[in-house]
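Letters are used for the chains, namely A, B, C and D, taken in the order the chains are written, and counting of residues starts over at 1 for each.
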Amino acid sequence: MEGVKKKSHLLSKEKLLVALEKMMLIRAFEEASIKANQQRKIAGFLHTYIGQEAIAVGVLDHKLPQDSAVTTYRCHGIGLTLGMRPHEGMAELFGKVTGCARGKGGSMHFFSKEHNFLGGHGIVGGQFGIGIGAAFKSNYEEDNAVSFTFFGDGAVPQGTFHETMNLAALWDLPVVFICEDNQYGMGTANTRAIANTDIASKADAYGIKGYTINGMDFFEVHSKMKDIVAEVRATRRPVLIHMKTYRYFGHSVSDAGLYRSKEEVEAYRQKDPIVHVSQEMIENKMLTEEGLKELQKKVKAYVQEAVEFADDSPEPPLEELTQHVYFDEVGE
Amino acid sequence: MEGVKKKSHLLSKEKLLVALEKMMLIRAFEEASIKANQQRKIAGFLHTYIGQEAIAVGVLDHKLPQDSAVTTYRCHGIGLTLGMRPHEGMAELFGKVTGCARGKGGSMHFFSKEHNFLGGHGIVGGQFGIGIGAAFKSNYEEDNAVSFTFFGDGAVPQGTFHETMNLAALWDLPVVFICEDNQYGMGTANTRAIANTDIASKADAYGIKGYTINGMDFFEVHSKMKDIVAEVRATRRPVLIHMKTYRYFGHSVSDAGLYRSKEEVEAYRQKDPIVHVSQEMIENKMLTEEGLKELQKKVKAYVQEAVEFADDSPEPPLEELTQHVYFDEVGE
Amino acid sequence: MAVIEMREALNQALRDEMKRDEKVFILGEEVAEYNGAYKVTKGLLDTFGPKRVIDTPISEAGFSGLAIGAAMMGLRPVVEFMSFNFSLVAMDQIVSNACKMYYMSGGLYNVPIVFRGPNGAGPRVSSQHSHNMESIFAQFPGMHVMSPSGGYDAKGMLKAAIRCNDPVIFLENELNYSQKEEVPDEDYVIPIGKGDIKRPGSDVTIIAWSRMLGLARKAADELSHNEIDAEIIDPRTLKPLDMALIAESVKKTNRVVIVEEGHFYAGAGAQIAYDIYSNLFDYLDGPIVRVTQSENPMPYAANLEAATLPSVAKIVKAAEQVCYRV
Amino acid sequence: MAVIEMREALNQALRDEMKRDEKVFILGEEVAEYNGAYKVTKGLLDTFGPKRVIDTPISEAGFSGLAIGAAMMGLRPVVEFMSFNFSLVAMDQIVSNACKMYYMSGGLYNVPIVFRGPNGAGPRVSSQHSHNMESIFAQFPGMHVMSPSGGYDAKGMLKAAIRCNDPVIFLENELNYSQKEEVPDEDYVIPIGKGDIKRPGSDVTIIAWSRMLGLARKAADELSHNEIDAEIIDPRTLKPLDMALIAESVKKTNRVVIVEEGHFYAGAGAQIAYDIYSNLFDYLDGPIVRVTQSENPMPYAANLEAATLPSVAKIVKAAEQVCYRV
């Protein structure tokens, strides 16, 4: 297991502004989705990304067009980071035909072919195979892509974690395995689910490198991932990243979160990645308080536009019910 | 990962004779089964234990009555070591009602309730859960038992390996995970299946101890396992044992074994555990050449008796077809 | 008699059986400290402690296998799947181990185990979280499959399942958990394989179970306004089927509608229909009609989900069809 | 036309399609260096190299998932299960991912993938190695299920499966691999969903597929001595069913026997029977009879295994029964 020396602030003002805006967009989008859920415009499960924004934005800034990404049902932040508009995201949550999955997938199943976003997936551990498969395709077609495969700490005990780590290591598949360890799988603290919670150290079992990164610190995530992604792209060896992070809200909106203390949640809110980045930028004269407020306004307006777009969009026509079951027409 | 100092020859002459006879019995039983298979008395798959005898006998000498064992389809050696008569074993292979599973299980499914032998199992990785379940029961009932859970190197890439190692480590289940690494899963060398073939080192991922043992050396197996089993019994912490061994014959009798060289096989036959133990005993005046021949005769006769028993036994009566599907009678 | 939610009835059955038999324990994701994702195991940790009420990691194949091994050694595990969608990752353990063990060991090792949890479409949870598993598990000899439609049955049936010495697949439905019903406090058992007439009638037999029973009741009310007197049969146990009860009803009504929340192809309803045709062919006025999901994965959109699932209107239409009222 | 074994016909189909489309590759246990556990992939490694013919570790869930991801990214994997018993450990990948992806992504990601290998009872391999999976996979909308009965069909059907842009479950039978048949060298495709009349007849329709077809043929010969002229229909594709072909036959014979190697409860035969009853009720002289496995796991003993499986005698008896000759 190795570390990568921290190199903060190597980002230009322009790049930092883009990153900050993306994190703010995710935050605003999720806040709007919680509100819409209370208004019963969104049904089923709703798992928000609030608190984990630095990971999606810090990691995926290193994604090239041919690269792919796949994740869990907690997929909104990654979709938006990749460039999906909040419009198609919110419409999906509203179950409208203008949604990124035509309203068929819902909150857990954001997809974007344009960005090789292979989806949000509902079965814990179910997306690992898809992630290594995308990496396999890259080697097969020699397009020099890497596969960003996100998963939660709760997926570590699942068999597919082990099977796909072994396959990726055995076959030199360029996979960046990113464990977003928010310390809980639903109400279960990871210490009650994982024997040896030093997740990065599990890389040794497969003869690959593991890294532990503070997922609340955008600068650390961005700078360390820069080198790591470059390394995976060059060597085609998979790596396992242990991102330490936290979710501010319940597992899903229906979760009261009685299993953790207010203090614990507060402590993490103090390390908020959006506050952190904006403060650093202000201190470094890359941003003014006014500028920040402007950005805030801009993002909120953009999300509001998305909500209206979703509201105004129609449900899928009933003819769609049996469309997309099969690509080909067969039989009578 | 730790070692245990080798202590050979701590075994009394009596114990060694018993061990030697058991290994010879397994060898003779498997040779007879190969013959019977050629005579079409045995059908389906037939996976022999020849070459691996030192493991079953060296490990299970430390089994107490309340302990349990479970393994793969390569289960004859373990069944016989536990005390099953070759008669019930051979009858099972012949598909006779006098077999240890009444002829319903066949070669892959030896069971013995008397010895807590939870079976031979056909699905690679399928028996891990059963093994940790037996250990769970021991803690639940506080009977101080340990669970001997055998598996092949080919099962290491399987998800259940990881899931059960994690559960056993997380919950302090007294499981002795024993990987019988005969270096191939069918025609696949383990280097083509396992990233990082230092299997014992995988214990670290679960925060438990791993040991590597020469499975061809009965003395090493027996002495190291003595301490290890005592440790597991006392601490209730699972351990992972990497037993390096070899199978002299094909994966099953239908396997031509083109994937390995005559030389390789020969090299291992030179380390034959039965020859090794008998020679050591002769050198140490615990056994004479004549005594060895006698033993040979005795064992052969015993197996011959088993073959005749199996020959003379009836097939299961047809009423048995739908017996043992359910324990309880329900419905009309 | 107390009027309680079905989740509470299930909770009572678990409590009673755990009190009754030291060897009964429950394990699954969030069953202990969280009191169950759907609160079916509420308070069990407090009462029985962490030895017998166990939170598991997300390792369905691992902890299902563990439970099977423990059952072989004489314990009586109740495995909760947070939802039966997740039984798919444990499928091999259930089918190749739990289901075959007693037979392939020649009667040496039976597996007294219950796999329970919500089955079928939770509301608006889309394609990967809406599987109905009854026909999948019923396919394999060696397991029983039960599915209660309300609290009273749920309590008695779960007791029977836990006392059974063979594997039982016990399929609940999330949307039934908060449904209230009169449930006796005392101990009672509804045997495996016993169906029930939920509404006597003379014109058409509607066979429905689990959440579909509620729809069938509403449909029967509507049909009654149209002079169609429907008899509703709840098989309760899908394997083995209570064919005697079904036969009695079909001999009386000569017309059958089978309602199943799950998929059409080789669903449990296909088997029930086959058994009826085989044993009661001459009693049938016309073909049996099945109401099932439409042939697509479950969509998220409200209108598409509704169009996918069976509904009161679809059941009414089917009943009218078999009664030649359309 | 060359007379070759079915394994060779399958091998030809794989070769042709791999030549035809660079994106087609095959992976599975022992498919490369060992030339396949049953030699279906013989020589493919030599011809196409390790990039496209890949030996996998024993990780069915892992490599099935890998193939699904590769298919989403545009490749066309053929996954060999050494036997379909082992598909149970990959069940979630097949059902929750391959089968749902196109729908739940709103049409963004289809999954062109074939899962193939031997299905059903190998001889004398007991309870854990004898599953028939047709009805399990056919349950879920989003996949097609095919099962050839001989070399000619196998070649044309596998080509159709590999060219299909959706997941196809392709069920072979170990006992058919060495069965010889005339198979054209040239390229031909047997479309998904097209059944075939294997023997024209007028008195009874026997529906059978895969290994059961051979038994049905023998039964038909025996029946002919008893003046019963059986028509044998091989649906070839179990989902979707060629109901048009079946209907034609049933309208002619008015009597149906369905032969299925697998289990009785909710087998594919139950669905076929239901579809026939629903569409052709008035054409039927009497109830359809299914010949299936007896309701027990597969035993090892020769006599019990034989008693478990469908046989020529059981098919003859069933046909005579529907023809009222008994």
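Heads up, the rule we're going with is that a contact is a pair of C-beta atoms (placed from the backbone, for glycine too) under 8 Å apart; a residue touches a chain by one contact, two chains touch by 3 or more.
Note that the structure is a prediction, hence the values are computed from the model and not measured.
Two chain pairs, A-C and B-C, are compared here, and B-C has more C-beta pairs in contact (counted per touch definition above). Ranking every chain by how far its Cα centroid lies from the centroid of subunit C, the top place goes to B.
In this assembly, the C-alpha centroid of subunit A lies 36 Å from the C-alpha centroid of subunit C. One simple way to say how far apart two chains are is to compare their mean CA positions; for subunit C and subunit D this gives 30 Å. If each chain is reduced to the centroid of its CA atoms, subunit A and subunit D end up 40 Å from each other. Within subunit B, contacts with two or more other chains are made by residues 101, 103-105, 109, 121-123, 126, 157-160, 163, 166-167, 170, 192-194, 325.
In subunit C, 57, 59, 61-62, 85, 88-89, 92, 96, 103-104, 126-128, 141-142, 295-297, 299-300 are the positions where the chain touches two or more neighbouring chains simultaneously. Of all the residues in subunit B, the ones that touch subunit D in their complex are 43-45, 92, 95-97, 101, 103-109, 121-126, 154-155, 157-159, 185-188, 192-194, 259, 315-316, 318, 320-322, 325. Put simply, subunit C touches subunit D in their complex at residues 61, 85, 88-89, 91-92, 95-96, 99-100, 103-104, 126-128, 131, 135-136, 138-142, 239, 262-268, 270-271, 273-274, 277-278, 281, 286-290, 295-297, 299-300.
Interface residues of subunit A, counted against subunit D in their complex, comprise 68, 70, 99-105, 109, 111-113, 116, 118-119, 121-123, 126, 128-134, 136-138, 140, 159-160, 163-164, 166-167, 170, 323-328, 330-332. Only residues 29-30, 33-34, 37, 55, 57-59, 61-62, 85-86, 88-89, 122-129, 294-297, 299-304, 307-308 of subunit C touch subunit A when the two sit together in their complex.
Subunit C contributes residues 25, 51, 56-57, 59, 61-75, 92-93, 96-97, 101-110, 112, 141-142, 144, 164-166, 191-194, 237, 240-244 to its touches with subunit B in the complex.
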